[in-house]
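Chain naming follows the written order as A, B, C, D and E, and within any one chain the residues start at number 1.
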Amino acid sequence: MSGEPLLAMDGVVAGYGGGDVLRGVTFGVPEGAITCVVGPNGAGKSTVMRVISGLLRPRLGTVTLRGEKLNGKTPRQILDLGVVQVTQNHSLFKDMTVHENIDLGGYTIKDRSTVGKRIDAVYDLFPQVRGWAGMKAGSLSGGQQRLVEFARALMLDPVLILLDEPSMGLSPLVLKSVFDAARQMNASGATVLLVEQNARAGLKLSQHGVVMENGTVRLAGTGREVLEHPEIGELYLGGTVKKI
Amino acid sequence: MTDQDGVLMVLAIIDGILVGGVYALMAVGLTLIFGVLDIINIAQGVLVILGAYLSYSLFTKAHIDPYIGLLITVPAMFVIGVVIHWAFIRRLRGTERTSMTLLVTYAVGLIIEGVLYKLYGATNVQLLPSYGNSSFSLFGNYVQWVYVWDFLLAVLLIGAVYVLLYRTRFGRSVRATMQDQTAARLVGIDVNRVAALTFGIGVAVTAAGGMAFGITNAFNPNSGYDLISRLLSIIILGGMGSVGGALGASLFMLTLESVVSIWQPQWAVAVYYAALVIVLLYRPTGLFGQKAVRAQ
Amino acid sequence: MAAAVGGGRVLRGPCHRAALPPDGPVRPEGGAGTVTRHPRHADGQAAGLGTAVKGGALLLLLLAFIAFPKVFTNPAVTNYGVLALIYVTAATAWNIFSGNTGYISLGQAVFFGSGAYAMGIAARDWHLTGTTVFTTLPLCGAVGALIAIPFGLIALRVRRHTFIVITIAVFFIFQLMAFNLPFTGGSSGLASPFLSWPAAGYNTPFYYIALAYAAGSIALAWLIRRSRFGLQLRAIRDDEDRARGLGVRAMRVKLSAFVISGAITAMIGAVWFYYIEQVEPQTGFDPIFDLTLVLMAFFGGYGSIAGPVLGALLLEPLTLWLNTQPAFSGGSVSEILLGAVFLIVVLFMPRGIVPTGGELITRIRTRGRPAVVPAAPGGPPASQVPPAASGSSSGSGPSVGSGPSVNSGGAR
Amino acid sequence: ACTSGSSSTPSTTTSSSSATTGASSSAATSASGSPSSSTPINIGASLSLTGDFSADGVAFKQGYELWAQDVNAAGGILGRKVKLTILNDASSPNQVVTNYQTLINSDHVDLTFGPFSSLLTKPASAVAARNGYAFVEGAGGAPSVFDTPANQADHNVFDVSLPVADSLMPFVNYIASLPASQRPKTAAYPMADDPFADPPVQLAEQKLTALGVQPVYTVAPFAEEQSSYKPVADQVAKKKADLVVLGSTDVPTVAAFMAQFQANHYTPKMFIAAAGPDQGAAFTSAVKPGNAQGMMVPNGWYPDYNDPASKKMVTEYEALYKVNASGVNADVAEAYSVGQVVQAAITATGGTDNQKIISYLHSAVTLKTVQGDVKFDSLGENSAAAAFIFQWQNDGTKYAQVLPAGGASVAIIPTKPQWVS
Amino acid sequence: MTALLRTEGISKAYGGVQALDGATIAVEEGTVAGLIGPNGSGKTTLFNVITGYETPDAGQVWFGDRAITNLAPDKVFAAGIGRTFQLTRIFPRLTVIENMLIAAQARDRPRNLLSWFGKDAWTHHRRHALELLEFVGIEGHANVLAGSLSYGQRKLLELAYVLVADPAVILLDEPAGGVNPTLINHIADRIRQLNAEQGKTFLLVEHNMEFVMGLCSVITVLESGAAVVSGPPGIVKTDKRVLDAYLGTDLDDLGVDDEEEAR
């Protein structure tokens, strides 16, 4: 567990115009680790992600990346600092081909040859995606789209990658490959901030866990601490190792 | 149908194709602005007239040939487009964005029209270069050179817009922005800049449409009103955002109209619109709709 | 672009997979976007009180409108009232269909003109004169409704922009019919019978008829809005295919609204005809009329009942008034001014007057309050409530690119 | 056109409906009750300064203003200056109704002048009628203007210009006067779908056909849309008729036909259009001046008209707007004539009482205007108007009256020369 | 006993992609059936065909002994089949409760005009709707526009819709995706209860094996557009083809750590 947080949120208050959704969120994302945020539906997890990536401006509080203030920056500026997000809802360019989507993942890379190389690398990592290259992204199945989104995010070499529920809609086999990829990226230096409803899988993958509830952080600790917290387990993680 | 009718028919078809080229030229900009950016640009007709007046001024005041004058009017209109977008359209967002763009472009159209009245008065004028009515003979019919040039210009501009949209990084960013602004911002696209540039380009190519209109029709500041519904129907018939479709639809529309007007000129417009309805019922996305940047 | 999305069937949009609302090409990111809460209060008592206040205010407003021609007796003034109320009615009729369903009709003049012509033809052929001409109003409404049925059956098979263009197309077909059919009076149009009312009060009966139509159509719009019918219409606006999957018989529902809208528009078109005393193809079937209704609705705020009403009440008198000012002579000055008014409103109220107003109110009211009720079982949050707003964020409110952000604002 | 069947000298006191008379006297007499010589005569008009009719509306405005300027320079009428209030109606009937209600009821103008076009004259005249105002106008010439129930009841509309239906008759007479060998053999009659443009063309077609001119293009009217002009013009060109009678209402239509004829290397021997070439410089600026040569148009006025008032008006106009005499739009003279007729009526009735003015104008007096004599029939059509045919000559620098030949200042160019490039 | 809902040899191709290739499945009345398969195997497409959102190139859909192959979605719904969508399709500009009411009134057939315009006629729907919203935990958002819901909340709303609409056969496309695990358990309980007490028939698509295996009595596996295996969970999860194509080496390794305890 490396020490200094790469990203720190401090007293963040944010909303969409109808009151505050985040009501003072404070937590840190340790550098070089995988951190998993869990919590009930509507707790504000995705809102946190949006605040970090600059899609949503907080009303109060600060977000810092290595001490540099992020709030007020545009998504492009934040992206240039190495923060990449895979959103929860499907955000592919549906009428463009899968290849064009992947290509756009490297939009900020000026050098075309680098883009070409990265595309190849991504295709090598997810050979299925190469097979769909010529298809319109919107025509893919739900799970396939998810995978393409993930692949698109890998076009850049991120410092911090934000994954909002990567597991959603993926079949077990594909999910494994996505988690493997996340782990691999982490191993090669990227910090990962993950939101997962599949909490046990997510927390197992992570060194750190954050539990959000109703716009605030309820608990933060190591992945195992969170996973084994009795009350949390009952409330949000589907009970403690309950067999169906 | 008599022999005579057959001759007239060929003539009508040639007419339709030639005038269709001019309409295509006026519609390309709208395809970009409405079809791609989803901005309901009610000002398109007025912008055409503005383009015509710019060419007219250059021609009458500085004796610059209208076609060469495009080198000046196109960049000028580009700047006007970018400014309009930057000042007003940029602020619109959310589900009302499209509807509110109608308000903005209507207002901009009113202001441009008002200014044109102030500058040029209400008198009808026309661009009258020396070659304006010269023609050559084809299958026993006369074809005006300016229509040929306009047609070629339309093909050229449509090709250029196509390449820009589908073969360049900028074009990809345009299409991406229009499909999903949030996702576009997440991959690092400056959506406001991209939209402003696209709007600017749409207005810029309209300068060429205006020149073509002004060389083939007399106009005054009010002449834009009759154009807008035709241009709208052309780009929908062509398929939203389909640049090639705009040309195809223009040719279809004007040819049909001119053929019908051999016998029933008073119904020609109605026949075109009836055909439009029928085609759209069977192809709701337009003739070339499947290539549209946006599916439904 | 190998695999083209979509099949050929007209009725079903080809893109079933997308969670895309039928409206809104710039795909908003799922939840992001400014969304104002519905104005209904959870608290029943407060709601009851609110309704009473609202009802009282509406009553006062209605009284004010009834008193208007008594207070301002000058025909030059009541004329504004008549024309504004005609547009209020037409815009509300537009709203009943287009505002609820999201199908933007640019062909309302088809009904307006047909109503005008229906009255003109009836009066001419049946030799009606004086006030008996008004008895043809229901007939004019029926003509509008009858036209709306085939028109709707054709146009409502397609969506969005294609629908808009089909309405434009039908509009032009009707205009040309008015020019060319044997019974329309051709390009000279029709003149109404003569009303030998004194000039001073000439406008007043028209004012009250228009007021009755305006009030009636607003009331109908309100009834529809709160009814099962209105709910189905709005579901169609949001996602027609999904609504069908929940058993909404979309065509029937859309068509009903279209017919209601057409009937009202035709009747008010007839009133207009009698007031102006003429109709010609270009004035009865006027493309500017189509556009004006839409502008009014968007100006006031699309999607609410109050929006189009407000838009009509503001825009029609404003446009007319600007042109009556000799100071703006030359004509173009009034055009420039009108354009400027539009732009200023759009700059400060980028979603139309009513929605932006409503949004501002909600924003101010909810500032610093939690947005949601606890979403899941569990105790109160462990962490503290944030410090009160210090205004330090200097107006940099939440800014999300785009989103499903419709506000109800005023009357819903 | 006249359905009322009343004699040529109607007694207006009976024809005015009682309701209107009662209502109007308050408005009209209160303003004219004490005609102190210091209070100006307020005259209101609405014109299409923007919108479809703006090209003509603006010219009309110039005419009204020129008239007012001349009157005031001469010390006014009955010692009172004239004050004109001209509002813009944007070519919309709602606006024109609003404007006249405002002029009459808020501005309390003493008198009203008409707007431009038959389309707007109809609703506007109804407002004037119910308020008891005389409605003297110069640009509502379609028969339907005079047939409105309001006018049939109140007889308040007076059109100082030429009734449109007969306007081409001098031309027809000219053809009839030619030896059969010199008459055109064939003729084409394209026309726009318009109440103003069609009647004269239809009448001309009927008469000329009777004279043995074979019609080769008599297809139904085309819609007034810019996209219609080229195909119809090309079809007409293909017929190679000797004579083209074009039912047009404005400059763009005529310009489009001329351009297409030229492109088709087709020059009709005679080319006459119902409206458009009468617009002076507004016409020549839209076509090449050289091509205007030989173009003919019916109208009631021409710059060389040998009338002192007309000459004066032309001189002033030339100075004011920097055009030569041929550049003066006939709309200007129509508007100016409106002023002159009203001026005569005020002078004759000694004030601005509209009822008196209406009676006076219906009293079969013949008045002089820049357009020639004016005398109103029972529904307000100018029965004294002489129809003239004008032709552009001297490569578009001279607009001259050529028919009827008797009073013509210039000889007609019998065959239109080839188009220039 | 003949199956209540059957598809016979459904094929559907998009350009070069054969999304369905003779898919034949059967759902017995009163069962909770599962449909699983790799991403892109055609599950959602099959749902679309059944519910009238797509026209198959070949094959028949039977509901009882009625062929419903080319019926429009509203007709299919009227016949008694309701569904949810994998990528949620809620009505973003209606409030949450209005969303629910649309579904709740779907099966009413108002007799007179008044019942079309009156809203009090359906207050009982409101009660039922609120109860279901409470069940999925978003009753607090009842008067909020549905477009402002979080992703998971939308999924829950989708589910609540179809439950309140109460069709005889309920098709669920990934009801658990993005939903909080605790709630998933509640949902499973509810489905069981509806099935047991009201005899509702369910067909559900899910990638959450825990959920599917625990809930369904019959599972059909779709692969490349064709049903390859069908049977009780115990059989399916040990089938070699299913393991290779879908689950990976074995069920216990859900792509997490190797030491993941059996679930």
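We take it that a contact is a pair of C-beta atoms (placed from the backbone, for glycine too) under 8 Å apart; a residue touches a chain by one contact, two chains touch by 3 or more.
Because the structure is a prediction, the values reported are computed rather than measured.
Centrality annotation: C (chain centre taken as mean Cα position, compared with the mean over all protein Cα atoms). Of the two chain pairs considered here, C-E and A-B, the higher C-beta contact count falls to C-E. For this pair, subunit A with subunit C, the centres built from the Cα atoms lie 43 Å apart. Separating the centre of subunit B from that of subunit D, both taken as means of CA atoms, is a distance of 36 Å. If you average the Cα atoms of subunit A and of subunit E, the two centres end up 27 Å apart. Counting partners per residue, subunit D has 49-50, 52, 54, 57, 193, 220, 223 as the residues that reach two or more other chains.
Annotation for subunit C: residues touching 2 or more other chains are 1-5, 15, 17-19, 21, 27-37, 176, 179-180, 288, 303, 330-332, 334-335, 372, 374-377, 400-401, 403-406. In subunit A, the residues that reach two or more other chains under the touch definition are 16, 18, 40-42, 46, 55, 87-91, 94-95, 135-136, 138-139, 142, 235-236. Touching subunit B in their complex are the following residues of subunit A: 53-55, 74-76, 79-80, 85, 87, 91-96, 100, 103-105, 107-108, 136, 138, 152. Those residues of subunit C whose C-beta lies close enough to touch subunit A in the complex are 1-5, 15, 17-20, 27, 29-37, 359, 362-363, 366-372, 374-378, 381-387, 389-390, 392-393, 396-401, 403, 405.
The touching residues of subunit D, when paired with subunit B in their complex, are 49-52, 54-55, 57-58, 193, 219-223, 225-232, 234-235, 238, 250-252, 255-256, 259, 262-265, 281-282, 285-288, 419, 421. Touching subunit E in their complex are the following residues of subunit C: 2-5, 7, 9, 11-12, 16-19, 21, 28, 30-31, 33, 35-38, 40, 42, 223-224, 226-229, 231-232, 234-235, 237-239, 241-250, 303, 372-377, 403-406. Across the complex, subunit A is touched by residues 14, 17, 37-41, 43-45, 86-87, 137-138, 141, 144, 148-153, 155-156, 174, 177-185, 188, 207-211, 213-215, 245-248, 253-257, 260-261, 263 of subunit E.
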